[in-house]
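Just dropping this structure here.
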């Protein structure tokens, strides 16, 4: 077996993830390399969710009975865990949403309905990048269309990095918000936060960071990032589907208007007018994803027990190994940084002119699960003149042997279509 | 034991719900009468969710590997089940949201951004009622504030019903949308859909029905209702938290603009512009609540196996019994219809001038879980000049013995504060 | 949580009713609709009166009665110490077992220790205390303005 | 699912390239980026040519090649029957085992039966067929307009 420095004991870890025992296609062992799409869930998280429903389930807040108090304590306890996980100055800065997409839409809508100085309108500009996930493009396109604001973006260099050479022309005095991805889900690129934040602060623009592919894989510190908003999603970090997070700076959350209206987000309602609860509740209309928040709390406990530093090191070692091995596959072209430097554990590539759909299908027949297509980042495919990519992505339970299986699978693909 | 006609075999049913075995406060059996806030979940639903994570978990759509295909089939299969459950003409009319609140906000936002003839703007009117849940008030207040439209509402009669006497003055040619609750969560009232829909159709207004307290408790047929939109929420009908539904008429969903932007809801994206997928995907941005949809499907299977007609009959018998027994408690005043006629299984009341918080707390000490407060329907409390109510609400596992426990508990409350 | 002391204050509230004051505030607990209107009257830095009217649960009503007992006649600094001690007790989630020193400061108010275990009720117990703090701030401000004018 | 017939058509597509036509359409499969530009040429109701250019996976490319084989030279009614039969097969989720009668109609296209088990790939197989249907509708419309003009 391949020995790499910094690897976790994946044999032990894999025992926590029931789905990893699956066999597919009549006896092929599942090699799950689609972690950038969603992660698998450890037994500890599933147990926490089941236990919630079996012992404590009740609607949160406002209840005086035991179950309601317990459910509220569990739900709000999950908020404490998230706050600690991202090093938030205050737990009240953590808003639970349904996924990262809702978090990003929430920011866009807050700014569209805000008063000055935050308001995005006709004379202002929004800045994103060409490597954003559709969930960090479309909300801003909608906001631009609906307010008349101008949408601008950073382009990409040939080696899959942000082209910041004209940063002063892109982020200007008119810029109200700069929203960009910390780690690209298609290229794997880790972006230089500091340079962008510095320029944004210079012109007084807010900064929103899409940390969907960062939170699961590395230590995240919202204070160090110096952003105003940070969005991520539970299902990619061992937690259930149906839960996302938006962290936002307290003063902003106080000043900005609500988005969804309804139960839980109000202070007092009459037919004529309503006032709103303080953040985070102002932004959590309706019954929240209670069990899913509890599951996210358990996922955070799980990840922290292993250690985010160690997970980062593990994935870095794997990525390094994968980049090397993939580079040896004939006709394979990596789309994104060619080395493991400043790079997350998602690797996109093309294989000659075999269409990614065919690559993915033939890999699947061998039990190797990868994602193919645009990965919700079509502008990147347009930029590099390719119809789509095949993407392999790793997590804390991934092993060098699985990368070997991928490489063997690709060999088979080449022979099959050769 | 009390024998009532139409009761379900609650002893058998209760075995499916692990939480109902709980004891609280040192040995008191839990009497869970807070079902209007949220329902408990049967083993069958918890198993479906766990099985999803343990065997099939993957992100849905666009995947060519086995897990992605299976997860997609399960998720889309849940949509089929919901469509059948509400007798939708087409499965594509079923949109998954995070809760009923999001569903209602979705409708309000679609109409705010729509083109003619749907657009809600300065010269148009929105109609709701005084018995709405805050989740069907605040989204319309926000829409009215943001578009300049006028918000109007039906008042209430002394016995807790809609006052439709001036319906022709409230719903007029200017009305674009009438949104109302099918079964009130605070009063228990079942509203006369036909009269309202008829008038709305006369003036060409759209109709949105909040069926959050109906879907769990009675057969629901969107075609018979003749509404344009119907919203409900999973957690009140044996399903997980984190999942809601909006059903909408196909032509409308085709014509109306999207709300949240992001992955999954697009057809094709470039940096300059995007086009959107057909409904329902157009309205489902980001990774959906996959496991929660699977859980909702399992909940629907569970409820249909018992039969919605039989659940309705069971709750009607219980409500009849409860109304009678509660009427005998001195100083108790029911807020809402005084009989079980056209009435759901949520009963609000006041007890002399003992504050509901005190009623709820002392009941809780005896193991009886009820909800106290405004029940997210503060205008109803204002209307009846009361600070709050105590609410007991039943479901398919509730028994006459639990109503007896409630009545005994109330006796104790009176003595305690007498 | 329903100590006899609390029930006694609830059934026979002390100092209830609105009388002359230097400042008046109206506070609401949105989660349950409890309301209080409260006035403070100062005689220099001495609390001459705290009068109030309100509706709400036994906890919020009894707490206002206890406040009246404890604060009227006290000097502002002393009153603030009492208020802070009460706040500390109520935020303790049941983890503080009041000792003799605390009982010396809080007198009857130590009966609320049990309430601190019930997060939904803590706000009820604090309603009048927050109102008092707010009213006092307003009274002091008005006084300061008068003096500088 | 990768029958030899499919791979053969993929590697050696029949009738590929754009030639003269009565109508041209461009279709895209948004889930994977497969694209096709397709032209139809009619000679009365007889299909004189179906020419195409595109990029995409083996399934979508082979399917266009098979379409060319099957439809060119056929009468419109007959072609529509073939298209409908192919659609039925592709929507069968693997539940139709093509019999002799179906094989008579679909010839090489029965090789796609296995693809119908893979929902994500069904759209690939149908891409050219939907494009053909669309192009034909446009050609007929243009023809009708010419006649009434």
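Lettered A, B, C and D in written order, each chain numbered from 1.
The rule is short, and it goes like this: a residue touches a chain if its C-beta (ideal position, glycine included) is under 8 Å from a C-beta of that chain, and two chains touch if they have at least 3 such contacts.
Remember, it's a predicted structure, so these values are computed and weren't measured experimentally.
Any chain touching subunit B that also touches subunit C appears here: A. The most distant chain from subunit A, with centres taken as the mean of CA atoms, is C.
For this pair, subunit A with subunit D, the centres built from the Cα atoms lie 39 Å apart.
Chain centres here are Cα averages; for subunit A and subunit B they lie 31 Å apart. Subunit C and subunit D have Cα centroids lying 81 Å from one another. Centroids built from CA atoms put subunit D at 47 Å from subunit B. Shared interface positions of subunit B, i.e. residues touching 2 or more other chains, are given as 62-64, 68, 266, 268, 357, 361, 372-373, 378. In subunit C, the residues that touch at least two other chains are 31-32, 118, 120-121.
Residues 18-19, 22, 24-25, 30, 32, 34, 37-38, 40-41, 46, 49-50, 53-59, 62-68, 98-102, 104-105, 108, 113, 130, 133-139, 141-142, 146, 151, 153, 233, 235, 240-244, 258, 260-266, 268-271, 273-274, 285-292, 357, 360-361, 363-364, 368-373, 376, 378-379, 382 of subunit B are the ones that touch subunit A when the two sit in their complex.
Remark: subunit D residues 1-2, 7, 10, 31-35, 55-59, 118, 120-121, 124 touch subunit A in the complex.
By the touch criterion given at the top, residues 61-64, 68-69, 72-73, 266-268, 277 of subunit B touch subunit D in their complex.
On the side of subunit A, the complex with subunit D involves touching residues 355-358, 361-362, 372-374, 378, 381, 387-388, 416-417. Across the complex, subunit C meets subunit A through its residues 28, 30-32, 118-121.
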